[in-house]
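Two complexes come next, and they have one chain in common, chain A, joined by chain B in the first and chain C in the second.
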Partner chain A sequence: MSEQKQKPSGLSSRLKNTLDFLFPFLVIGILWEILVRTGVIQLHSLPAPSTLLVKFWELAFVNGILWKHLFSSLYRLFAGYLLAVFIGTAIGALLAQNQVAHDMFEPTLNLLMSVPTIAWIPIFLITLGLGDKTVIMAIFTSSFFAITYNTMRGIEMIDKSIVNAAHLMGLRGLHLFLEVLLPASMLSIINGLRLAIGYAWRALVGGELLAAMIEWGLGKMVYQARYFNDASVMLLGLLIIGFTGYLLDRVFLTILERNTVEKWGMAVKK
Partner chain B sequence: MDPIIQIQDLYKTFTENGKELVALDHINLDIPRNQFTVLIGPSGCGKTTLLNTMAGFEKATSGKILLDGKPILKPAPDRGYVFQDYALFPWLTVLGNITFGLTHNGWEKKEAEEKARDYINLVNLQGFEEAYPHTLSGGMKQRVAIARALAYNPEVLLMDEPFGALDAQTRKHMQRELVKILEKEQKTVVFVTHSVIEAVFLADLVVVMTARPGKVKGIVKIDLPRNRSYVEDHYLHYREQILELLEEEVEKGFED
Partner chain C sequence: MKRKTLLAILPIFIFLLGWEVSARLEWVNPVLFPAPSAIISELVDLFEKGLPAHSELINHTLATLKRLGIGFSVGVLAGIFMGVLMGLSNPVFHFFNPLILVLMSIPGIALAPLFIIWLGFGDPTIITLGALSTFFPVVYSTTTGVRSVDKQMVRAAQIMGATPLQVIMSVYIPWSAAFVFNGVKLGLVRGWMTVIAVEFVAASNYGLGYMIWYATERLKADVVYAGILVMILIYFILDKLLIENVEKKTIARWGMISQKQDG
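On to the complex of A and B.
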């Protein structure tokens, strides 16, 4: 039997993790506040943390427009990302299973993977317009390649005997894919999903800056603040973009990992 | 003798670095029903290739293998296979691994679980039903693999050096366990090993293969009761006989 690491009780360890996480923000925040208040830093365009907190309160709870920006962004993110998850996994599996398709499309996949998403956006702007479609397409493109490639590699690296065992029990086609190939390559697939959500989040913010017809979204919020010379909204936007990206990874992928690869002993518990 | 598997003029080549190598050279062999056949030979003699061709994992270049008179073309549940590296599904529990083959061959979930529990008892793993494979020792994993392969009731059980990765103590223990399991559950077994001791302890029939290209060098029938010890005189006599056949081949292997 393998040894289980002794873990401290759930609540206190979670509290400690949260405090560890917040510590650098608190230190930098307090230092920054002191430097601004004592007049060591004198930039009227650079607001103090207390100003940011006031602004946050105003945007979140007084007029509430922060949530509208956040949810517009999340809607686009999930539309593009989920589309990439389904199509990418399917195509990745096909490329891993079918030698002809692999030989034909693998080089193309590799080539397209190295094109930065930002370079695709002008093409989407003239073909799909200046609205949501362009941003969703940019998110899709940014995450599709990472998901496809990692699914393909994951399936290719499955132990031959695992696949043989499944074949012998009579599994073929979709059953084989869903019940054997998918769980057996989960480690690599999650790596792809993790890379992809990071790419997707960046593509989203970039897309929102460039798609002129869009009114709502965190990227737009930061961009529009320029017209009002409002650095506090810009900085607040950056912080929220950072936090949300971090939480997307922590919340969704960590839960997925805990319930799959860690439980199955494919990855070491963090 | 009533053969369950007939290997007829089986020929198989591999291409390695652009060179064609003969792995199996026109093999003719009958595997008797409900008996324990061991394939033994120097490493690289193609014994695992022969077993994998019976499983349908690999295709013959020419010749054929018949199972109950029908040619083997692809893997199917009329054969069970125990892999050296266990090949359990890490995402399923012990119970899940054993029911998997049943539910995919027409069993209702509830009946499959009952059946799986019978086999968990047979291999002495009561209490580990909900354990995931990564928490088990090598010997326990291989017992799960044996239960998984037997549970869906294949015609033939193919075993590829199943105890090769285990330590000496566990290995002996597993050999005895396997004999006990097969007393309760009559099965045709084809077992690949390179251990002469293991072969004589387990087999009704030992097929000695030549160094590459693999051919059948000789067949030794082991006429001993099932309850064998490792030190009996007869036992040693069979060992000598097999070793003699093997030694020439091992030497030949070194000359290559």
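On to the complex of A and C.
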């Protein structure tokens, strides 16, 4: 079917896709470089791409600061996000199973889900301090509601006869959850996970930027550069934030999707 | 129905009551967790401060709304324009799509330090970033919408003698309206969040975000909670009343999207 036509034929086509993706960045980079070199743009605060590359080399391979920033960010992201994934799916499943609990918490959940991430950060800064705890909590909160809500909706939309059949065959509790409910609601859960990683990424960067006691992290890297008026570090940091955020969604969730819902034939490959 | 409403209010009520009691009895630190009643009275205070002439709360809120209004409008217009271009032309799409996907992943507040260097503190930075945060979701959805237009319809319109502009106005735009709306909605959310967040770091003396941040740094928890309450309320008003009403009057009536089912 049409699925086969679009299937990437191995490594070479994947490489081609990556190059196609990077092409516009290259074009803009070269244009920008020419404009700066020929003096059309002359701004201290807009460094040429070559300056960025030199800076990148220095931060990545001479003193290695870049990796420390990147890994502290990823550590916080996954601490908060994974916590939200586990607690969120568990609570979502419980709410879907119990009608009274559902009626009690569904509206609250809906309400809290639309509270903007940025609203939580000042509250956590006041109550949890200016360090790691605040950032991780902000990541957790911003992803938790989306995951819980989508898990709940996903499980509630499962065909009741499937659940009944599983009941008849003697599946209960955790087994029922892991072997029937979870796979059957995977489409909706992945939807929640995708929303949540976007929220989490924003909460992470915003939190790192605003929490004063944090020393490492991509958000901090960009923010600290302000004190030295170092636009090249800022631009570099922003590019890394953009690419990492994009890749998180792209790589991590696509792999998950490919190994679950697409393999099971629940979703058509894009 | 009645039972459902009651059950829905119950957890919120218990939570607020528990909070009120524990703050009053000082089981939790009332400096960090002021009682809900204290937050409400702070809200009233903020509103009444300087009232005969200018209420402080209203001034802050209006400053933020003005910034959002300008940034949002620019972002939506630019986003729809760019989105239609990208939707209509494949080369334009392939060139700009990667740029937009990557730039979209940068939270607005992270751009603040750079734009402060470029444009300084205050309105220019805040409005620009508000516009940018609105722009990306709008471009993204508009592009998706325009690209999903059935080419048969376009050909039909062309055969009947429609000019290119007419094709865009009466085929592409109505067809992709549901997508555009989704983008605009998301753009409003992003824009509102970004304006407030950027006000945290880049506002000079007015704005809801400025008020919240100023209070955060001085540990005035009641002002922080009150400010956040206002922020969330306005967000709901913008989202539910404004956008959903417009949506109901346009695309839902045209039958472009099915009305949401309550379950």
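The rule we apply is simple: the second predicted complex is superposed on the first by the 262 of 270 C-alpha atoms of A that agree within 3 Å, B and C clash if a C-alpha of one lies under 4 Å from a C-alpha of the other, contacts with A are read in each partner's own complex, and residues count from 1 in each chain.
Quick note on the criterion: a contact is a pair of C-beta atoms (placed from the backbone, for glycine too) under 8 Å apart; a residue touches a chain by one contact, two chains touch by 3 or more.
Predicted model only: the values in this text are computed from it and were never measured.
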{"item": "Chain B versus chain C as contact partner of A:64, first or second or both or neither", "value": "neither"}
{"item": "Touched partner set for A:129, first chain B, second chain C, both or neither", "value": "neither"}
{"item": "Which partner reaches more residues of chain A (counting touched residues only), chain B or chain C", "value": "C"}
{"item": "Partner chain in contact with A:164 - chain B first, chain C second, else both or neither", "value": "first"}
{"item": "Chain B versus chain C as contact partner of A:231, first or second or both or neither", "value": "second"}
{"item": "First (chain B), second (chain C), both or neither touched by A:183", "value": "first"}
{"item": "Set of chain A residues, in rising order, touched by both chain B and chain C", "value": "none"}
{"item": "Residue ranges of chain A touching chain B (in the complex, touch as defined)", "value": "1-2, 159, 161-162, 164-165, 167-171, 175, 179-180, 183-184, 186, 260, 263-266"}
{"item": "Complex interface listing, chain C residues touching chain A", "value": "3-4, 7-8, 10-12, 32-33, 94-96, 98-99, 101-107, 109-114, 116-118, 189, 192-193, 196-197, 200-201, 212-213, 215-216, 219, 221, 224-225, 227-228, 231-232, 235-236, 239, 263"}
{"item": "Residues of chain B defined as touching chain A within the complex", "value": "55-57, 74-77, 79-81, 83, 85, 87, 89-91, 100-101, 104-105, 132-137, 152"}
{"item": "Interface residues, chain A side, partner chain C - complex", "value": "20-25, 27-28, 45-46, 100, 103-108, 114-119, 122-123, 125-127, 156, 198, 201-202, 205-206, 209-210, 218-219, 222-223, 225-226, 229, 231, 234-235, 237-239, 241-246, 249"}
